[in-house]
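First chain A sits with chain B, and in the next complex the same chain sits with chain C.
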Partner chain A sequence: MKQAAMVAASTVVAERAHGAPATTARHSPHLRVVDGVQWDKAPCRFCGTGCHVQVGVKAGKVVAIAGDRQAEVNKGLLCVKGYHVGLALYGKDRLTQPMLRQGDKLVPVSWEKALDVIADRVTLDPKGFAFYGSGQWTIPEGYAANKFMKAGLSNNHIDPNARLCMASAVTGFLATYGVDEPAGCYDDLDACDVILFWGNNPAEMHPVLFSRLVDRRGRGEKVRIIDITTRHTRSSGFADDVLLMKPHGDLSIANGILHLLIKRGTYDKDFVAKHCAFRADTDPGTLPGKAITFEEFKQQLAEYTPEYVEKLSGIPARKIEELATLFGDPKLKITSLWCMGVNQHTRGTAMNTLIHGIHLFSGHFGTPGNAPTSLTGQPSACGTVREVGTLSHTLPGGRVVANEKHRKHAEDFWKVPPGRIAAKPGYHTVDLWRKFSTPKDKGGDIHTIWVQVTNPGQTLPNTNELFYPSRKLKDKFLIVSDVYPTETTKHADLVLPSAMWVEKNGMFGNSERRTQQWFKMVNPPGEARDDCWQIIAVARRLFDRGFAGMKDRDGKFLFNVEENGKEVPVWDFRRYYDTNVDRVLFEEYRPWTRMKHKDLAPYDEYVKTRGLRWPVVQQADKSWRETKFRFSEFDDPYVGKGKKIEFYHSPTEDGRAQVWFRPHAPPPESPDQDYPFWLCTGRVLEHWHSGSVTMRIPQLRRAMPSAYVELHPTDARALGVANGERIRVKSKRGDMELPVWIGGRGAPPPGTVFVPFFDESLLINRVTLDAHDPFSKQPDYKKCAVRLERLPLAVGTP
Partner chain B sequence: MPVSSLVLTLSSSATLQQQVFERLAADPSLTLGLAQDVAANRLVPVVLETESVWEAQATAEKIAEMPGVDQVELVGVDFSDLPETGTESV
Partner chain C sequence: MIRRKSLLGFTTTLGFAGGVLAIALVGFITGTHSRPPRAGYAESVQNKGAVAAAPSYREIPNRRWSANAGMYDEQVPALALSLPSASDPVAAPSAAERATAIAERSRIRAYAGAPPTIPHAIDERGLPGCLSCHGKGAVAAGRMAPMMSHEVMQNCVQCHVPGLPREGLKESLPVENAFVGLAPSPGQRAWAGAPPMMPHPSFMRERCNSCHGVGAWAGLRTPHLDRSNCQQCHAPSALWDQFGSVGGPEGLGVVP
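Coming up: the complex of A and B.
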């Protein structure tokens, strides 16, 4: 082990002294064998940053992890989760065989039996079968699931957990630019003078990106960090300005900045004249809204004076003036980052469009360092959900099921008969689980949900209403594919053991449009199998039973894979790796990406690199070139010559982006006499989402073993509780008893408490609210009203 | 026992480099590899063995503060001899 560690360090030194090392080719051109340890590249399994790691494998086991110095994203650095990602595979309670519920128990069954059970549930009523997926699905997995449901079952009831984390970012991009995903990239972090965190704590959630910023300071560069937040976080500790706002105060802050830019005449008149149009909500609201004039825009913003904004947001008027001064300075390069604080918001779409609007209106757009960039929480929320279109209303490549032309494209790409793709969107996440928890005779028309790579029993909001009731309804059947036991598998009817990360081939798409690839390096334990295989195997079982949906126009199997003109039986797991199914599915998916100019390179190009940012376009010399800055002529090949900036998917089809007026509106629930505190929920550095993986990594679990409730000292005194004592956090929907942490990692202001959601023994989503944004359908996990109840001390407590 | 791989970047001063080597060699938790010159700096691969991750972090921070050490990079963590662990046993 020590020798392997020395090899890792010496390799880095040698690489820098003598250039990149020679590679040996097996399936991967990056594979190196050093002292019996095979090293190969893979993106990290956890967040949406998309760091690359070097994975060391010996005797069929991952034995070491190192940061990948050739990766542009992380340049060799990893966070504490990344350094321990290899241990994610080796928790001793890995699921290793399919299990079917019999009475109160889950009993082992064969894969054959499991596949039959799923096929039976589909044929029972194909329209009531649903799929709940994930931003942790690989691109080929998500593509296969989407095809299985939308082409195979003619059923759009497929939605991913990414609905809960970035759906508002999608609707924000669509409403502004007519096409999803950020125009900028991480290079902006290296070039900006000022960076704003809007409801974002990258020091814990995207630590490697945060390090890129802080490292600049270490090199003597000046970068001003402004943290707009509802609680003091680790990111706040590094900020030059911490603007502690009232929950839901962000819209007024954005409007205050826009108001002052107009009043002072410091907006970018040339940029606005050439590239922008103005828009406002309709009543009732629609995503496209309605066009307004500049004068109407100005008039609607008029009331958002710094003093009025101070009243709504709690941010001093002079700070609003300062923000407007920064955005009014054309010499400064300004980047905005945001994440869950803006997205998990009942006005999430509105707030997303406002951040874009400030950047567009002030001209802080389209040059390195000037960008509004949303971050994602999952490793392939962008690649698998947004690009592959695994949402209940979307199809791959930016298409939607409601559009007849797009359905026709899908039927042609998938070679299925006309009319196969259903026109009506399926249920979005909140509705899907509500229908599943509603008896059939009361409108609950979803009888089965197949869950892959996510843990809704812990992560759905308001689980007392959305998750648990279904478990008491006899005709509702829950199938869960996962790697470890979770709150969801505990309540499942059928549990399928899955392969994870480098136990299978995979591709992810990160937050900066970067598509990444890796190869399988070790075998999964026991009978655990790839999620993608599980989907194909069920499809084949249906095909063999004569289920028409699993046949294409020519009567061939929907997931037909051929090599040299001969069918490869990939539905048989023993034959699954006879070919590279990821490569086959990715090449099938690639042509979909061109309509929205999100062109992807051939699979083999991703094998060579640590990812490429789309659009990736082939050059005259046959090489493939990625795009760092979208819509900017100096870098984006799709911008017309001489246009400098062109929004070529403009919602108004005139090359213009939309600057929206979005009024402040109160949150769906606010503290009152009975429930006087705000509850905010979120994540911590050491754990990834529901903690089902990171809680099995000893170093991470020991570092952060339990959830807690962060409390302001004043509130703790008033309640008469000290650090470590347990209190009950209670909302109108449920309650949870938690230990108090005062003066801990984060510091909420008086009247606010914070609880992380990673702990399966302390399920805070029994308390949260399922109110959601009207356009994105993304719920608000960041604010609901609770009361705190002191619990009697246990006998013997000093 | 966590085993960490570090890369130290030493300053160009030969005197300071010598002092750093002497101090590092005296620390039993560290094993030094073959140093190489890159531009004006000297890079040293180092293996750090500690009882806990936190001890590793503290040692790395201590090294970073030594005069003559420009940078300490953590480039790998090896965990091949750690026992398998489930949630209930931690």
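Coming up: the complex of A and C.
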């Protein structure tokens, strides 16, 4: 009583912004005002974990961040990036006006001029215009871009950077379950007895999930962590078992486990009989592959004895036996986590299917704590790329352009004339940029790329071949929407300043199928504008010029937005927030999600919550219920009664998931006499992606100011270099000079070096390889061959 | 160098970390291994001269809240001796002392409520050994290691990152950021002489002694150390602690 009274006396009671009722979903019902600071919810804009933060705003500026205690994902905790995400908006070199290249300079121009330039590039040749986006696009932004390209331009040349990040996870899910995205969720981390990290370093990359796991130990619970890795990381420091494997050794480890489960008869015979079928590659390989019998499966695995696996992977045979013992124990609850180590792999699809296969074959699936769960690196790789289908071969809701029925759906949803959607998939990322860097007369039929929310000049592999050559070709035009100057804007022909994060409305979809929503809280600086508005404004410019593609069947504008039966001119930025465009686009997108049973709730439901995991299904009492464990009868409403487990999108249409045989195969490039070291690239805790945002946050920048090359002391001694000294890392494709860090955050074994890719002044992707997985087209950033060269002492000595 | 048998039976070398900060001592000797190094890492230079025993992580579940806290049983109490005891009289802080305390705190925080950066070097790779000094708090060589304000979490370096320029890694570009963080504010009082309310969330600040106890900045120290039930008089705010959501689905309570 007393306390409540004091609370009331001491705080300003929260007011609803602008007095708008919550039902219009234009303003947050969560707004709290404490000591003159307005607090509201938003998901963090960095990784795929999907933490919610509370954003404190005072006088139109973000002034503080707090972990959101009502968020199930993070329960109030954040990582250092999340705590400092508010500073992301205030780097002093924010882009604030459109700029057009004139000679070797970028010159400020008006938005009107910028829109005209883009419209000109489209009309020049709509088929050669491409869009390159990312898993940082919000769901409405990705949906708008997809519609702009596939319905507006009848052109499928749209691909996201997520191709470089989780495409192999997608093909792994499709080949196994016939439908994308994990069946389990983060709740598995609270329940598992054993957790395997397959080439994953969540202590730095998904810190909040890692804490959710290891803090269980502090509460007296036991959880055994097994870290299968090519280098000792912070996660290894917490692991009970660190299995240091040779690069590319993971397939043999998985096969070794399957081999022993069969040999010992400890696989889950009942689960396999009811829910699984077996599959192997065809020649040439196709994503569906071919059915094989259990006998064939068994025979093909016969050679993967622990001893043979030891030879291929470097992991001692007895450790393979131990892993098989764990998977052979039905009482243990086992979760697998993986991310880039498995996905950025020329055998990425194969390795993804193998991890699913081990879990299915051993029956460690479908109950809390038993799950194969792939993580994503971007906040909306799942929501925007995988669900909205912003890849060159997909349409929203799990559809593909090559399927006539799916194209028909799309034409009906988008109300465009039959035949508008092109049947041929567009170029995937590597091909797209290769075509852009190839002269037109040599088959380079992409003349313009519009890049939003990503930085390919830094993050594409082998940039010396895929990125820079285009910049010397006169007829190639690069448009970049971004918030800060980057390696990509530096080389762009037209730069558009964008609004970011809480400067706009947004929706993300995280790694556990959770769809999240936030409202605009502050204004973007200068003339920076929403990415979604940019797309609609260009579409409108084309519409006004009579471009047929921007009209629907009835001749209406493709992005027609109406309120109370009256068109709202949202292409005029002054009018963009007259309505909630996010809500309009999301409601238009929602019906798409039903086909694959990825049902989303109405926009207004997401306004009320810290996200909901799909399928979100309406109950008899009209409430909306999320689903934590997909394919499991106890939780998933789409599983048939009495079935316990049902894979209702099975590739074989019989309710069964596919357990694949995938043989070990050598990597595309291995160290040799001239290039004797393995190079692995990756991230660090403090920096996110290409660092264009986190490098502008003083606390993060100071903690990790520059890239480095991590090497083993033995190798350092042999080379005669010491900590801080610069050396040259050189591959067949390019080279980069980096400071040496020995005994640093990670410890690679002898013969291996590691370089993070966040530093725009030390671009390691000039060195990496663009060889990619045959199914997912995802390149391997984790291994290529390099040599290390000592520099003359005068250069770069600390 | 002191050579001793650790609690866990491994012979270890406890070194005084020269160089970075004079205060360093055990707290900065973080990230250590109780297991013999595995093949391939035996030559690591990282731990040379700074090796202390850490408990195996496998044992931690059985040692509640004690990640590394029990390791330096001989050292930490000795350091803690330099702290005043709860029965020592503490004068109410002066305005100058308060200003110093707030300035010092703000120096290593982006805004009021941000996790402080670490004002000393750490081991980058091993298990965080933060608890050895920050578990109970310690004062040495005129510097203090405050007791952590929240319950023990295993991965300290997830939120707290080094705030000093790094040796060897140089910033290649200048970084300028116009962010102005929320400034700390004093607690509100119903009338002059009333006990102030908490001016910050109590979440992650459950241990008031961290900032207001004996090992804290003089300007923030409570003048009544002997009273230990802080929330009896100093009320938290439901709004600060995010329980004031008016439209939330969780039914966490509505502020009238």
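Everything below uses one rule, namely that the second predicted complex is superposed on the first by the 768 of 798 C-alpha atoms of A that agree within 3 Å, B and C clash if a C-alpha of one lies under 4 Å from a C-alpha of the other, contacts with A are read in each partner's own complex, and residues count from 1 in each chain.
Convention: a residue touches a chain if its C-beta (ideal position, glycine included) is under 8 Å from a C-beta of that chain, and two chains touch if they have at least 3 such contacts.
Just so we're clear, the structure is a prediction, and the values are computed from it rather than from any experiment.
Trainee: Of chain B and chain C, which one touches more of chain A's residues?
Mentor: C
Trainee: So, A:A703: does it touch chain B (first), chain C (second), both, or neither?
Mentor: It touches chain B and chain C both.
Trainee: With both complexes overlaid on chain A, does A:L685 touch chain B (first), chain C (second), both or neither?
Mentor: Touch partner of A:L685: chain C, not chain B.
Trainee: Considering only the touch criterion stated at the top, classify A:P749 as touching first (chain B), second (chain C), both, or neither.
Mentor: The second partner, chain C, only.
Trainee: Scan A:N462 for contacts with chain B and chain C and give back first, second, both or neither.
Mentor: A:N462: touches no partner chain.
Trainee: Please work out whether A:T376 is in contact with chain B alone, chain C alone, both, or neither, and reply first, second, both or neither.
Mentor: It touches nothing on chain B or chain C.
Trainee: Who does A:S362 touch here: chain B (first), chain C (second), both, or neither?
Mentor: neither
Trainee: Between chain B and chain C, whom does A:G86 touch in the aligned arrangement: first, second, both, or neither?
Mentor: Both partners, chain B and chain C.
Trainee: Would you tell me the residues on chain A in contact with chain B in one complex that are also in contact with chain C in the other?
Mentor: 2, 4, 6, 8-10, 13-14, 16, 54, 56, 58, 61, 63-67, 69, 76-78, 83-84, 86-87, 90-93, 695-699, 701-703, 705, 760
Trainee: In their shared complex, at which residues does chain C touch chain A?
Mentor: 31, 38, 40-41, 43-47, 57-58, 60-62, 64-65, 67, 110-115, 117, 124-127, 152-155, 157-173, 175-182, 185, 188, 190, 197, 199, 201, 203-204, 235-242, 244-250, 252, 255-256
Trainee: Over in the complex, which chain B residues touch chain A? Could you list them?
Mentor: Listed in rising order, the residues of chain B that touch chain A are 2-7, 31, 33-38, 43-47, 49, 53, 73-82, 84-90.
Trainee: Residue numbers of chain A touching chain C in their complex, please.
Mentor: Touch residues, chain A against chain C: 2-4, 6-11, 13-14, 16, 22, 28-35, 37, 39, 54, 56, 58, 61-70, 76-80, 83-84, 86-87, 89-93, 203, 207-208, 210-211, 214-215, 217-218, 220-222, 232, 234, 237-240, 242, 244, 608-609, 685-686, 695-706, 708, 712-714, 723-724, 739-747, 749-750, 759-762, 798.
Trainee: What residues of chain A sit close enough to touch chain B in their complex?
Mentor: 1-2, 4-6, 8-10, 12-14, 16-17, 54, 56, 58, 61, 63-67, 69, 76-78, 83-84, 86-87, 90-93, 695-699, 701-703, 705, 760
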